[in-house]
Structure formats: C-alpha cells, structure tokens
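Next come two complexes, and both contain chain A; in the first it sits with chain B, in the second with chain C.
Our next item is the complex of A and B:
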C-alpha cells in the first residue's frame, strides 16, 4: 500500500494536471481579481483610500475570489461523479491534503496577480513588502484550508456552488479581520506589534484548519464507504 | 408535550417580565430605566454560548455515531443557539440605541457577535441544502466542530485583545460590579430563559423522532411489509427514539 505522502502527491498532481488542461480555476480566479481591482481603482479615482480601507478592499476581493474558485476543486468531482473512484484509490486524508495543496497553489497565484495589479493600478504605496508577502501567504493558506473543509461539507448538496460561498464566508470573517490588521501595516498604517499579533492569529487559524481538515475528511468519507 | 407542563415555563417568563418592570433603575447609564434589558440580553448571550458548546458535544457524538437521535439533538442545540444569538443581537441593538445613541455602533463586541450569528446561520443553510439524512447529519456535525475555531476566537479572544477598544463593559459579572438586584435578575433570567429553551430542545428532539417514526411507518405501509423490514433510505442507522429521548 502506498504511503500517505505518495497518495497525497498523486492527488495533488492529478489536480494540477486537470487544472493545466482546463485552466478554469486560474482563469476564473485571475479574471475575477483583475476585474475587481479595476473596479476598485476606478472607484478611488478621485482620491486615494486610506491604508486601512485599501487593506479591507484587498482582503474582500481575495475572499470572494477564493470563495468562487476554491470549492470547485471538490465540487467538480461531485458533479462528474468521480469522487467515489477517488475515495477508492486514495485515503480520505490523502485526498483532502492533495486537494488542499492544489487549492493553496491556486489561491497563491491569484493573490500574487491581485497584489501586482492592485499596486500597479491604484498606485498604493507598500510600506512593508515583507509584511505584505507574509500576510498574503498566510491568508492564502487559511483560505485554502477553510474552503477545502467547506468543499468536503457541501459536496452532495443541491445548490452546492452557492452554498459553498454562503457557508464559507461566515467562517472566513474572523480570518478576514486578522488579515486586514496585518495588511494595513503593510500599506503604511498601524503598529508593527499589532500587525505581528494579527499575523500570529492567522498562523494559528491556518494550523487549526489544516489539522482539522484531514480528520473531518476521514470522518465524512470513511463512514460513507462502509 | 402535556398542556399543563407549559405553565411552569409561562410563569417563569412572566416572573422575569415582572422583575424587569419592577427592578430599580440602574446607576451610571444614560437611560437608567432601560438598562433593565440586561435581564434578557445577558442570559440570551450566555445561553446561546452554552447551547453552542452543547451542539459541539452532540456533533462529536454524531461524527462518531451518526444516529437520528444524536443528529436531532445536534440540530436542536444549534438552532436554539442561533435563535438566542439573534435575540442577543436584537436586545443589544435596543440597548445600543438607548445608551450609545445608534442602533449599530460597530462596537467590536457587537460586530464579533454578529459574525458568530452569521456563522450559526451558515450551519442552518448547510443543513437545509442537504437531502440525504446521513450526509446531513455528518456535514452539520463537521460544521459544528469546525465553527468552534472562529467562534472561540470571536467570543473569547478578539474582544479581549489590548488594541480592541469596546463600549461594552468587560467581565462585569466576574468582577462582581453588578448591583445586587441586577445580579439576581440576570441569574433569574438565565434560569427562566434556560428553562424554556430546554423544554423547546426536548420537544424538538421528540418531534424529530416522531417524524422519523411516521416516515418509517408510511414507508413500511407503502412496501406492504412490517416496520422492521422497512428500507431506511439514506437514514443514519440506530434507533429513531432512544431511551433517553423517550424518557
């Protein structure tokens, strides 16, 4: 029997190959981010928003882009009725972790596109690039972990696409407040201590969600098999 | 439920209403008379948190043994937690208007409680979107356990962060800074509202069990076989009414 790591890697590469062929997730997430950034930059054409407002708008766009694109990694299996085959071939934990890895990579790319376009179009000044990168990296991991869990929960539901956003957004609200706290320092407002505290909170959130995800996937999928 | 058993709950709520009307005005408030809303607001908030953790307990039981009885208890706990959270928000908004001059002040505690309510409503949305009983039981149990992370942060960590400035008095009960009539009123409010909520919880659990029994009976009649042979149709295994609920 292959190891958990090998199974996880197999699921991850399957997801990446599938995304490379269709490019649906990257295109949808990337396009949504660019359009949202253009709209935001246009809205602030007559005056530059404060760093806190910039951090807020940035977080909200990333949150919505993630809610639109990430659950797809789980829900598409449900729609194509390939989820049972996947569960036969890989342990639930490996299936979860592999898909979580794919989600993480996807949202990291989306966050990078979003940040570049946002800084380019809105002319926002970045006071702390390290904080910006750290906040985006941690936020992406938390978003990927939480929305992977949501993907597991809503698969099989009637209106699963809408439900994923409806269930995922409230769970992500605390994480969004932490992210805004860290990003506002990156854009030049607030204290470093407060930003670091927010970053620590984001890290703890990420650890909690990543630890809980495989356990939940096992509980959800193991019993359905038997 | 026997009709005469409703009276103790009605009496408890009437007594709480009487206490609310007759309690002395509170000192130190902009509108001392309307500070009595505390007798409803604080018990609703505390009981909502209690039902939420009760939901987490039944979620843990449902994840390990997804029986209809466990699922019914989980759903009843989370629904009550959501209703109490909405009542807390509404009474809080009245308090906010009277004492702080606006229905909504974006106070950190008020906002974090709104987030908690939205998370609870997300759980209800998830339940309503699933048809299969096993999937529904397991998904809502999973959600109830996952939501503990953001809810614990929003309830216990975020309002106490040093940089968070709240209009809400913090740790009033623990510090014993409530006047005696108010302390007693809040305690009685906890008892009265808790008494009613536990009764509703029991009725909800029993109603769900009876609903499942009726569905089983109808299915058995339709298939022309005994109830024991009926197909459970995607329903979690185990007894529909267990000894605890029946008692």
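Our next item is the complex of A and C:
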C-alpha cells in the first residue's frame, strides 16, 4: 500500500492539476485581489493610511481572497459529486493533507502577488520586510489550514455555504487579529516584541489546525453521508 | 467470502431494507434485484463503505483495507471533469496501489481526453477500469450495462468472469440480460 506521504502527494498533484486546467480558484481569488489592491492603493493617494489600517486592510483582503478561492478545494468535490470517488480511493488523512497543501500554495501565491502589487502601486514603506514576509506566510498557512477544516466540516451538509460561514467565523477572527498585530509592525507601528508574540500565536494556531485536521477528516468520513 | 448478517438501513424513520442476510463465496455472482427505490444501490453503497448500515454487519474475509479490497462502479459515481482517463487510473494506483497498464486499451478509451468530453458510455467504461485496476476481492456493480453498447456489455461480462477467479461480485440490476450474469440472487422491496 502507498504511504501516507505518497497518498498526500497524489491528492496534492490532483488538486493542482485540476486547478491549473480550470483556474477557477485562481481567477476568482486573483481578480478579487487585484481589484482590492488597486482600491487600497487608490485610497492612499490623498494621505497614506496608518500602518494599523494598512495591516487591517491587508488581512481583510487576504481573508476574503482565501474565502473565495479555497472552499472550492473541498466543496467542489461535493458539488461535482466526486467525493465518493475520493473516499473510495484515498484515506481521509491524505485527502485533508493533500488538499491543505494545495490550499496553502494557492493562498501563498495570492499573498505574494497582493503584497508586491500593493507596495508597487501605493509606494508604501515597509519597516520590516522580514516581518511582512513571515506574517503573510504564516497567515497563509493558518488560513489554508482553517479553511480546509471548515471544508471538511461542512462537506456533505445540506446548507454547506451557510454552515461554512457559521463555522469559519469563530476560527478566522482570532487569526485575523493576530495577523494584524504582526503586520502593523511590518508597516512601522507597534513593538517588535508584540509582533513576535502575534507571529508565535499565528504559528501555534497553524500547528493546532494542521494537527487537528487529519483527525477530524477521519472522523467526518466515518459519519453517515447517505 | 462475503457475509452479511441482519443488515438494515434506514433513512429517517423509513427502513430501506432490514434483516438482510446473505453469503457469497469466492467465484460467485450475487444478483441484487428489486424495483426502483427498493434499496439496491444503497445496499451496494453500504458494502462499499460509502454508507453505514444502521443494523447488522458485513464481513469480507481476507479484508485488511476496504479501499484495497473493494471495487465499485455505479452510474452516479462522478469523475473529475478536468482529468483524463489515464490520470484517473494513475490517481487510483497512487492512492490505493495496483497497476494501470493495459486498462485503457482494454476498455477502449483515449488516454489524453478530459472526462468532461466523455459520453456516458465512455464514463461507464472508465468507472469499470477504476473499479478493477487494483484487483479487488469484491467487485460491486450498480446497473453496469446502463449506457453501454453491446461491446461494452460484453466487456462487463468479461470483467465479471475475471473477477470470479479472484473473489466475489455483487451486481445490482433490473435488466433481464444482466440478471443472467448472476448465479445467486436476492430480491429487495
């Protein structure tokens, strides 16, 4: 039997291949990100927003881009009814980890494009580029893990989009707060100690979500789906 | 050998089937017959592990991992529209083992065409290939001849014969021609 790692890689490859051919997630999330970044840069023409506001806008845009892009990775299996095939072929842990990997890559690319565009368009000064990169990278991983968990939880449910919002909100709020805390230092406000604490919080959040996800996926797949 | 004891499945308060008992030995083909809504497809989903029974139990001797032991082909089993037939088989092999060589030629499908461009008959052929590529102990076929032409139905018959040398076949159908493939039968409803 293939190892968990080999299965995870197989699911990841399948996700990336499907995304590459349809580009649905990337187009939806990318278009939103570009529009949002242009709007953010335009908003700063007559006076640059404060670092905290910039951090807030960044976090919100990344969050919404992820919310548009990532649920497709799980919920699309339900919508196109391929979830049965996946359940017949893959162990749930591998399905979760493979899909999480695909989510992570997509949101990382989105975050990189978002940051580059914003800095280029608005001419915003970045006080700590390392903190900006670290915060965006960790936020992307945490977002991908959280939205993958939301996907596992609501997959198969009747009102899955409503349920996704209800389940996602309490999980996304704390990480948005932590992300703003780290990003505002990157844009030149707040202390390094506080930023590092927020970064640590994001890291712990990501570890918790990634550890919990495969266990949850296993439990959910055992439940009745009709 | 496949053994089902006192198997029962309900949706809400309505029992689809209850107290179902059967035993299928290696080399046998169990036909599951019954009118629409009698629970044929549901029974196959339970046997495949895609749905859970509310009562009773199913045992497949020699089973270690259900994914490895069961091959399942049903009309409502959707395929990935952006992947080709070869990619489906590769994915199946990478996830649960088994080979892919020769299967496309055998079921008569192109390697590089995405399944969104497939006819329903071509999709049915691919489902058959996926259900057999890992050489399962138990093959579950739900209306296997539906949407297949004469050559396709002949292919199903060949696959059933091949599977009988390795394990068991459970076949849900209402087609008189397909009923003849079974050498044991239960009728639901």
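A few notes on this one:
One rule holds in what follows: the second predicted complex is superposed on the first by the 212 of 226 C-alpha atoms of A that agree within 3 Å, B and C clash if a C-alpha of one lies under 4 Å from a C-alpha of the other, contacts with A are read in each partner's own complex, and residues count from 1 in each chain.
The working rule: a contact is a pair of C-beta atoms (placed from the backbone, for glycine too) under 8 Å apart; a residue touches a chain by one contact, two chains touch by 3 or more.
These numbers were taken from a predicted model, which means no experiment stands behind them.
By the touch criterion stated above, A:219 is placed in contact with chain B alone, chain C being left untouched. In the superposed pair of complexes, A:11 makes contact with chain C only, with no contact to chain B. Of the two partner chains placed by superposition, only chain C is touched by A:81; chain B is not.
Once the two complexes are overlaid on the shared chain, A:94 sits against chain C while remaining clear of chain B. Contacts of A:120 after superposition: neither chain B nor chain C is touched. Residue contacts after overlaying the shared chain place A:39 against neither chain B nor chain C.
Looking at the shared chain after the overlay, A:31 reaches neither chain B nor chain C.
Of the two partner chains, chain B is the only one touched by A:152; chain C is not. Common to the chain B-facing and chain C-facing surfaces of chain A are residues 224. Touching chain B in their complex are the following residues of chain A: 146, 149, 152-154, 156-160, 163, 166-167, 169-171, 173-175, 177, 194, 197, 201, 205, 208-209, 212, 216, 219-220, 223-224. Here chain B touches chain A in the complex through residues 63-64, 66, 112, 115, 118-119, 121-123, 125-126, 129-132, 134-135, 138-139, 142-143, 145-147, 149-150, 153-154, 157-158, 161, 163, going by the rule given at the top. Chain contact summary for the complex, chain C toward chain A: residues 11, 48-52, 65, 67-68, 70, 72, 76-83, 87, 91-92, 94-97, 114, 130. Those residues of chain A that touch chain C in the complex are listed here as 1-2, 6-7, 9-11, 14, 17-18, 21-22, 80-82, 84-85, 87-91, 94, 222, 224-226.
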